[in-house]
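The following pair of complexes shares a single chain, subunit A, combined with subunit B in the former and subunit C in the latter.
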Partner chain A sequence: MRRLPVLRLIALLTGMLAVPAHAELVVVVHPDNPVGELRREQVVDLYTGRGTKFPAGNAVILIDHAADSELRAAFYRGLVGKTVAQINAYWARLLFSGRASPPIVLPSVAAVLDAVRKNRDAIAYLDSRDLDGRVKVVFRLK
Partner chain B sequence: MTAVDPCPPLAEARQTRGKTHSHADQPRPSRIGPALFSLLCLALSAPAGAEEAPLGSPVRLSGFATLGVVHGDGGLSLLRDLSQPDTFHDGWSGRADSLLGVQMDAALSGDLHATAQLVLKERADPGLEQSLEWAFLRYRPTDGLALRAGRLGLDLHLLSDYRNVGYAYLWQRPIPEFYGPLVVYHFDGVDATYARPLGAGVLQAKLYGGVTSPAVPMGEQTAEVEFDAFAGGSLSYETDLWRLRFGYGHGRIGPEVDALKPLQQRLRDPAIAAAWPEAAGYADDISAKGKRFDFYSLGLAYDDDVWQVQAELGYMDSGWQRMQPATSAYLSLGRHMGAVTPYVALAAIRSEGDPETVTPPGGPGLDELYDTLRAFYQGAAFDQRTLTLGLRWDLRRDVALKLQWDHSWVKADGAGLWGWDDSIPPTRDEQIDLLSASLNFVF
Partner chain C sequence: MLNRLHVRVAATIAAIALLLAVVASLVSFQRTHARELQAAERALLQLGEAVRPTAAIAAYLDNRDIADDAIHGLARNDSVAGVALTSRTGLAARLGDAAAAGGRAPVVRLALASPFSPGEVIGELLITPRQEVIARRARDAALGQALALAIHTFLVALAVMWVVQRMFIRPLKRLAGDLHRLTPGEPGELGYPRGHERDEIGGLVDDTNRLLRLVKDQLDSERRLRAEIETLERRFRTIYERASAGIFLADPEGRLLMSNPALCRILTPDRPRAGEAPASLDAVFAEPGRVVERIRRMDADASLAAGDFRLRVPADAPQRWVHCLLAKVVDEDGTPLVEGILHDITDRKRQEQKIRFQAEHDPLTHLLNRRSAEQAVAAALRHARESKAGIALCLIDLDHFKPINDSHGHEAGDRVLVEIARRLRATLRQEDIAARLGGDEFLVAINGVGGRGDVESVARKLLERLLAEIPLSEGVTVRVGASMGIVLSGEQAGDFAALLALADAAMYAAKAAGRNRFHFHDGDAAG
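Up next is the complex of A and B:
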């Protein structure tokens, strides 16, 4: 019984420490997309151009945020530990050697949400605070 | 009555291409023309993505450019690679590193994709046939498998198929000791790539094959070297931070190189046989017909948010007397400090054995022919080392500034990577300093 307040205190403290600039980054798809949850490696493969399809075999439409968005910097740093400049150089290599096509860049969070709602094969990442229940979360970046 | 379809099926276009090639003695119409045309037709006739709400246009235009200037002292001129003529005047060149590339990508469906890329830069033959770097269709039937057909980038070493894209790598230019001798950028043919996850990364195997005809300056002329077979493969393992790669390529020259024929004729001239009995033998010896090349390379790259390390080791076996077999290697170390990445690199190349020592003619009036022949044998012999210090500064998300200093030690009989003014190669060891600056864009 005496341990409970301690646990609550720990939970409270860690909770406070864990509040970052972005509440949490989540990877989302269309609600009708049959994909359940994606593993971290699967998300990395998609966002590095190494994988191009969902597990069910449908080709992904990869969506990204504007090149100077903070969300984008946070996503790539959290996912693969690289800066936006490094990611840009990486995609320049893939694009101009004809290996893969970089994600479609959309100008705003609203445009990204809209694209995922309207395209069954789209995939994107968002700040969890921008979720509105009309897209499906398949991965949480921790 | 019926309108002629301007867009023949692609298979037909490819067949035409094959036929053209088998009659190598006929005038050479552009081999890539029909295939590219079909490709464009396909792109234009493709239905817009079958999505409920197409995300923008299925056709994407993009490009890259480098605006660079380089200063060098001494009697040798930097060549970015051996497909480039000497561009230096009074120690300066604004053309050695500068280039412009544009690319068109078209998503024809979720699995089918078309790409064409045109690169304008200083090259021995600046025509469209050489400047069209890629024009291919890519098909992904299942995840992990990619099949491509058309004009494709030669994926021999780590940088081979993006060495025009200055924004995508650290240095001022691909390390000349490693990439300088490689004049083949693209080939017309097919490739297949299979990738599967393994541990924390992806294991990838690639096979390719086709034909290619790079143009290279040879003395005062431009030689088109027709490879009637160029094939190979690679095995690589890639994680978020590491890239490990083994590559192999094999090329075989088909018909005799036209640019050699006048020299061979003069060497075979019965009138000189008395004064220079060895001459006719040299005419046979310099022949390129049917000669083979083999390329082996091992590459390792590491890139995290602090360090960028890259090293490659390569061996080129050559059956053509123009080039001796050569070993080359480099090691590069860069450190990311915010937007600035200073780097240091060491590179070396060395030809095995010595170039053929030409027996001088015994009679008068043959000096020029003798010099031409010596230049042929020594023009592609390599023995040099370079220390490089530089800095890449990412000014914006799409522009990188690079500043670089190189110091090269070049042996007298191994200056084949450089341009020189005299008709014969340098006769003593040289040391050269290069200072370079460039702006590298993607758009």
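Up next is the complex of A and C:
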């Protein structure tokens, strides 16, 4: 928060301008994950802690991007229409109950990709341009 | 007690204040109670709103921990009896006396929407209010409000009472007391109650004082007047009661409305005290008709009349006379009345009668004298001519009278003449006339004579009685003779003198024929 608002604005504008640059946001899993396509509701359930397992029964490892990542803001805006701060507050409330575990936050897109490639139960979201053949797309956020 | 002004005012204000306090308190209680209940419901709603996001998350996740957290927070509020949080997906967290949805108790119901898709209802938060606490609070608040209002009203009433007492009742009471102690007509005035010199109460004092002065003046002048009237009345009464004249007041019908003691004394002089006030003119006058007639005639000419009238006296009492002044008066109602003033003139009247009798009668025999005989006969003749009746004049001359005078003395002669007069009167009727013309010559006039037959019997009877013995004293009797000359007015025209001359001639003829007989004027002898 030490950045100047002007820069934030620029960042936001570039982010928005960048949106057309992203073809789309996609939810990906390990290629070996038996899950096929996921419905939007299923993605929402997983990313709000409501669902903790894949339809096949294997437990989910939620992966998230850095808190200030533009990708993260775009994802939550697109998925549930909430800001990152609102999502954070939601998770904070959930955390006090001690039942749910929030997504694991990884610092870069590369780290995220790496984590998905290495964990069979991991699930993450990416800019479709960052896709390579080593992860499986289960949901496209339009 | 209730007729005291200040008590009434106080009671009225107290009653109005009580009524107002009751009504205001009731209204206030109702309003406050309702408002408090609404406020309590609103407060519950707000409470619910505060935990709504958390509750929504709990329902979204079917997370009992979060649900418990939310409903525990709510249940800590002492106006909440119970809380229930349910989700469509099976969560059902309850705490306390949680009413089921659709139960009968009033429940605050909040729908829970999914935090991530607004509009999608995923659960329900039900808050059951603790009715008794809410109701008690509402009642307490309403009671407090009502009590405050009642106290306020009471204090205002007290203040109004004090002001009314001080500004109206006290000065008015003082005035009323002062006025009560004053006696109208006596000196004394009302004073101003302090502070009210210029307002309406001061005006009341001014007006009352003016009225008091007026009453006093009026009473003073009335007292003076009454004293004057009393004096006058006393004098008039004295005049009326002590007057020697009888005074009466009569109405047109002859009833006496008033009469003074003198009238009673005149009516009954021998019993001056016992006499009762006469009731009518009939009781006063022997011939009330004459009095009434006099009064009626007076109407035509004047308002004052006078006359001599005979008083009504007992049958055996001597006649008495009054001179009466009559005056018309009109009383207050306009009724015409007659006022009479009577003087007893009996003595004068008797004197008059005596003088007249002496003038008209022979002092020895009390028969009419020549002059009045002439008048009486003239009147009888006039009357006879009018009534077509006749009268007989009968001239009687005594014979052998002079020798009695000579031998027995004048006194005996006089006694003979008196006896002759008595016999004449005894033989004649009341309406006939007997007169002594002089010496031993008498005249008799007989009224209502039809013919000689009527006269002859009377003349014969007269002659017989005159010739009877006349006792002079013990054992001494005398006789006189008599010659009568008779003339009838029906047979002879002429005045008294002419008739008398004819009778005289007839008498001499009888005397010449041998005395003790009567002759008619044409020489026809009889007896």
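The working rule: the second predicted complex is superposed on the first by the 122 of 142 C-alpha atoms of A that agree within 3 Å, B and C clash if a C-alpha of one lies under 4 Å from a C-alpha of the other, contacts with A are read in each partner's own complex, and residues count from 1 in each chain.
By definition in this document, a residue touches a chain if its C-beta (ideal position, glycine included) is under 8 Å from a C-beta of that chain, and two chains touch if they have at least 3 such contacts.
These figures come from a predicted structure and were not determined experimentally.
Applying the stated contact rule after C-alpha superposition, one finds that A:G49 touches subunit C and leaves subunit B untouched.
Judged by the touch definition given at the top, the superposed model places A:D68 against subunit B, while subunit C stays out of reach.
In the superposition on chain A, A:R93 makes contact with both subunit B and subunit C.
Contact with both subunit B and subunit C is seen for A:K82 once the two complexes are overlaid on the shared chain. By the touch criterion stated above, A:S101 is placed in contact with subunit B alone, subunit C being left untouched. If you count the residues of subunit A touched by subunit B and by subunit C, you find the higher number for B.
Note: residues 44, 48, 50, 80-82, 90, 93, 96-99 of subunit A belong to the subunit B contact set and to the subunit C contact set alike, using the contact criterion stated above.
Within the complex formed with subunit A, the subunit B residues making contact are 51-53, 55-56, 60, 62, 64, 101, 103, 105, 107, 110-111, 113, 115, 117, 134, 136, 138, 140, 142-144, 146, 148, 152-153, 155, 161-162, 164-165, 167-169, 195, 197, 200, 202, 238, 240-241, 303-305, 336, 339, 394, 397-398, 400, 442. Contact residues of subunit C toward subunit A in the complex are 54, 57, 60-61, 63, 65-66, 69, 115-117.
Here subunit A touches subunit B in the complex through residues 41, 44-45, 48, 50-53, 57-59, 61, 63, 67-68, 77, 80-86, 88-90, 92-93, 95-99, 101, 104, 106, 115, 118-122, going by the rule given at the top. On subunit A, the positions that touch subunit C within their shared complex are 44, 48-50, 80-82, 90, 93-94, 96-100.
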